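Next up: the structures, one after another.
Both of the next two complexes hold chain A, though its partner changes from chain B to chain C.
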Partner chain A sequence: MSTMTTAPQTNLASRLQDIPEDAITSLRLKAHESMTTMGWPSMRDEAWRYTDTRTIAGTEFSSANADVTVELDQLEPYMLGHDMPRIVFVDGIHQPGLSTAKSSKGVQIDRLADVIANTPDRLKGRLAAHAEWSDDPANAFSTMMLTDGVMVEIAAGASMETPLHVIYLSSGGDQPISVHPRILVVAGDKSTGTVIETHAGNTDNTILNAPVTELIAGDDVNLDHYRMVREGSNTWHLGDLAMNQGDSSEVSSCVLAFDGPLIRSRMRATLAGEHGNAILHGLALGNGSRHVENLLRVNHMVPNCRSREEFKHVLDDKSSAAFTGRIYVAEGAQKTDAVQTNRNLVLTKYGKAIARPQLEIYADDVKCTHGATTGELDPEALFYLQARGVPTSAARGMLIQAFAGEILDDVRPQALREQAMILLRDRLPAAEHLALTD
Partner chain B sequence: MLEIKNLHASIDDTPILRGIDLTIDNGQVHSLMGPNGSGKSTLAKVLAGDEAYEVTEGSILLDGVDLLELDPHERSAAGLFMAFQYPVEIPGVTMKYFLRTAINSVRKYREQPELDAYEFLSLVKERAAMVELDTDLLDRPVNGGFSGGEKKRAEIFQMAMLEPTACILDETDSGLDIDALRIVADGVNKMRGDNRSFLVITHYQRLLSYIVPDVVHVLVDGRIVRTGGKDLALELEEHGYAPIESEHAVDA
Partner chain C sequence: MTNDPNAMLDQWAEQPDYKWGFVTDIEADTVAPGLDESVIRFISAKKDEPEWLLEWRLDAYRKWLTMEAPEWPHFPDRPWGPIDYQAISYFSAPKSDEDRPKSLDEVDPKLLETYEKLGIPLEERAALAGVAVDAVFDSVSVATTFRDKLKEHGVIFCSFSEAVQEHPELIKKYLGSVVPATDNYFAALNSAVFTDGSFVYIPKGVRCPMELSTYFRINALNTGQFERTLIVADDAAYVSYLEGCTAPMRDENQLHAAVVELVAMEDAEIKYSTIQNWYPGDENGKGGIFNFVTKRGICEGDRSHISWTQVETGSAITWKYPSCILKGDDSIGEFYSVALTNMRQQADTGTKMIHLGKNTRSNIVSKGISAGHGHNTYRGLVNIRRNATDARNYTQCDSMLMGEECGAHTFPVIEVANDTGHIEHEASTTKIGEDQIFYCNQRGISPEDAVSMIVNGFCREVLAELPMEFAVEARKLLEVSLEDSVG
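Presenting the complex of A and B:
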């Protein structure tokens, strides 16, 4: 990898010195070393080819001001109802007054800061064990700065009764800040659960948000994860997700990218037990000059596993999206069944979509398919709707909604699905013509 | 009343309609017949406002309103309905949502109050019965996975919902078995009335045994070459289009 600039690293190194020593200091040092070796990525790096990080590299970030106070009504637009248990961070700082989630039987919910301080053994072989930071500067940076976050541990056989909502709200200040959200979910055998994270901010302040989420599932687990991205107008979102699953487990993750100038999501699923099912979904709405980057990798390490990747991008104005999806099938991982699709709906002549499917297969009895399409709205469907009296703008809205709906239909928590639907409608050009209910 | 005068239309600079004159009074059913490629479906699409076709000359008036000045959705609101030969499948949009949006858009344009959910469903129930349409279909995507007969019945059902004053049926009989044909025709006949005109486009006489027309026109090479009563359809059934085609072959 190339080294772009030394300025942020000098700055970063000094920031590491500000973090007091604790049980994960050695992890931070290793991440720092990786970060220093790799340098801040440039577009010459293959994985960052479509992500312009020059502005980020040239910005000196500091940590957030701990005195920021946020009222419940500022949080309300991002909440998923008052009843869904939540943990709230503002600029990366935990907000006990706004958080409502509590541990229950079989479901242990903790702040990572507490776990690091009191029971660091619980992190061994888990924290940063699956999310690769050695090849990703954003993750390395986030790991280097890791001091807090959320750990959810679901005991064997236990079920989370409701989804847990982790809200990372960004507000920033006069100086650019960076935020390093971390979520670690450990699901024991035969357990079920749902974790939703929201990254949001109604601010023009300059912020770098580098969240890392790790989902570690044992055998026969059913685990759903969602990441809603509604960042502020100058918040760069460089997200990472890693999931690792055992025998007969179904783990899903869905990223809903709605707001922010740059939304990058690296997602990596590793099927480590037979008969596993990994589901990666994404919906991105591009407008203005937003760039959405989805960088996926599915590792089929053992036989008889299934993976499904479906990513849809709606690109308005001058927005762009790049999808890179690698399916890796290890030697001996026979009967692998992997499907990857990337569909782009480009609404203007300036929108741009790039699809890069990559297959790396070392087994001979496998079924791996990928498909990428880029197109405009179907003129025949548009005419049909118009001919029945639906005005052009509303007809376009209906078709865009239908395109996106195929991802949203699979969003299981109703409150999240409805919020996403409303966000989508609000952002469509013809929102006022659309009835909100069927 | 639908008045088409000297209508010329082309696609990609190829003329398809070469001067059509056709007036359908309220209460009348006209049939437009003709061989494949004569321009029957083009006329239907031009009336509905398909932008793929360019109108190069002529006029279309519906109750005095110049349709050529209107966008497709405005034509619908003005009272025109075209039943598609090939209804388009639209995944992800339910029939019910689509239809409610359509009907309320049209009502808004006509300055009528919008229908609330209850009124809408009552109307759906009543009109679906006219074409023996299973209302469960309305929870499915628009035309999604419908059989040929269901698609055509759904078209006539939509027509009944939107209460147009001019109805264009573009080969509604194609792909229908005899039972479906009877149901569709019954639905159309129930809608016949003093304030509504119909143009029934068909290749075969079969449909016209069920929907008996007042006037039959024959289209050849983009022009109406013969007009007559309902017996003209029977004559065509017996002799085919060939005699008329050779009589009116376009000089090179």
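Presenting the complex of A and C:
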């Protein structure tokens, strides 16, 4: 599939050997095999056309130092209130002292390391079953190095009372490190729940973060997932998400991309049961020379399902964003109702937006639409506000906030919505920031 | 005739007999199948070409050898192997090459008969519609009409071979200037072995007095047809060019890899319309034409305008992306397309709009209709470069599906590199509603007419862009496909 452009990491095999043998060793070996066959892709590969992985491919990563300690106040800016149950990892290493989440009736929350060691049967047909790693080097790499993470299992009929917050904090060190976060959520029939993940770091160290999240929903499930990305200035984020849904289930996922030089999110939703509803949302704020990449695929495998995708990019400075969304409707998946939108707001002469909204349809009785727009702030709206005495900077701020707000309004956990709103204000150029303060 | 809309749609999807499948028996001066440098030298010598053109061909050939054939489209239900380029004969000219006919009377009556069978007799059509026809039969032009009238206005409209002899300076200047010889696999092949085509030059300030038209027709067995069309509209010139074709019934796949280049200078306008109805193969996907065409126009001057309109109903596989490079400020590019696939046809078509100049505008309307096991793909690029300030694009691609085994796909790419670009892209997929057909039935309109009416309505925006005679033909073509499959 791919051609390598730079010398690939040579230490993959030795890093794999350093992981002690356990219940998922064979999975790791298979992933390693895929990884070595594929290599890091070049920009000639269709799925990676806009992501430059040359630096990543040429960097020798090592595993994190296990002795890193983090104080609660370092974590504070990323938390969503003290009450929200959380699990904290620093450089991929679990921090029991900072974690507060506990299992409750019907909701089993475990470290993946424990599950692998003690009850590996719980992972059968679940772990790495839906997140496809054979065609994606980032996922293959993450799966190959998988040792820990979080598993949430919601029993049939149960519901999570509060959202679970998983925080992956990166700090790194002198040597470039790679982190491989994993979250596996299994929701039984008629269950509900919310999982929020935050990937954050306040560091200049070189880090590769390759998180993989799998959401497996049974019938009549209501599951919400959010991923907040606030990486450090030299952290490459190559994320992956897979959702698989049963009958009449509604599963949503929302990616909020704020910080980091490269934020790539691959998301794949598979509607395997009838009357399912898949919702994928995303908001990315580009400043500096950030590149944001959203690569989506919604698989309509059975009739009568619905899917909604909405992705918005606000591009300042020299930032760029690429959106690739594919709606796939299998033969026989009649009465499919799929809508996909991508809107790009380019604020400067140097911003760059790329949209690839794709439809692949093999059934005739379907309603599929996609729309993509790219443009600057509406000069008429700007003029309207100015004519009413609103200064230009404030008017710009209001319009940007309104644009992004459409995604943030659908973020259900209040603490997360507010945090995102504040980040949005902080990231806008100074004048616009001023104008936005209440 | 049935009144059940479902049964009717199913029948719609069945193969209509290809009415226009027949072979004219003419002794062709054909070179043995196979391709190497000697074949290219043969073609070039046969056409008495200057040395530079031979070198240009050989260059293209050598580059072609190093290129890989594209294989991007998927063929879910149609096994499709690589083409054996050594099995193709690269030159085939009607025998009367030495003493070309001076008027229609001298044209081989069999050729004229062929056009008769097409239902569009050359002289009749020319007289009725005031259209000059540079009829291409296989690879060499055999009849050119209205030359004198065009000459009065200074318009050059002739076969490519003649242009090489008579206007070498224009050919040398513009050949390959829009589609470089090594642009892609099939363009390189065409550049190496092209046999003939049309050349049009409209001088400054001239509005071409009539619509120019060429009929392409593939005839000799196993002969790939490699056409080369070059149209240059100088400052403030206007031309409307019509291209249409049908092909005889054939069992083996035939390759067609044409290259069309358009150059529009300041304030010039070129309107290029195509109806393509080549043999699509039978209902099992046997036979049919491979139509791999490179079409590109450059809006070189400010305020220039290029418009592509196409109605694609034929060919087993079509890969065709008529494009515009909007280089001049305030230039406009347009693309209107209807593609109909039935049986096991695959149409992979779309456009590229490259915005380089300021205030450039482009408009894309693509309508795909899939029936039977047909697959229709829209693949397009809208690229707005950093300096192309205030560029605008509007794209609409709609698909209509008929039957449960066809497919409709859309793969647009939109790249915007500055903040003043305005891009809108919309796509939708629908089927003909049973309620729509029921509504028509209730009012005494037969299901067949209802489907035809709905399809025509679906394509209206594109058909409206065609010149009148062509629009009639296009509508008829869509109806003919409907006629045999419904009721």
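Worth a mention:
The working rule: the second predicted complex is superposed on the first by the 423 of 438 C-alpha atoms of A that agree within 3 Å, B and C clash if a C-alpha of one lies under 4 Å from a C-alpha of the other, contacts with A are read in each partner's own complex, and residues count from 1 in each chain.
Operating definition for what follows: a contact is a pair of C-beta atoms (placed from the backbone, for glycine too) under 8 Å apart; a residue touches a chain by one contact, two chains touch by 3 or more.
Small disclaimer: the values here were computed from a predicted structure and weren't measured.
Look at A:384: by the touch rule set out above, it reaches chain B but stays clear of chain C. Within the superposed three-chain model, A:405 lies in touch with chain B and out of touch with chain C [touch as defined at top].
In the superposition on chain A, A:394 makes contact with chain B only, not with chain C. When the two structures are aligned on the shared chain, A:374 is found in touch with chain C, with no touch to chain B. Within the complex formed with chain A, the chain C residues making contact are 76, 386, 399, 401-431.
In the complex of the two chains, the chain A residues touching chain B come out as 378-381, 383-392, 394-395, 398-399, 401-403, 405-406, 433-435, 437-438. For chain B in complex with chain A, the touching residues are 48-52, 71-73, 75-77, 82, 84, 87-88, 90-94, 96-106, 109, 117, 141-142, 158, 162. The residues of chain A lying in touch with chain C in their complex are 331-332, 344, 346-376.
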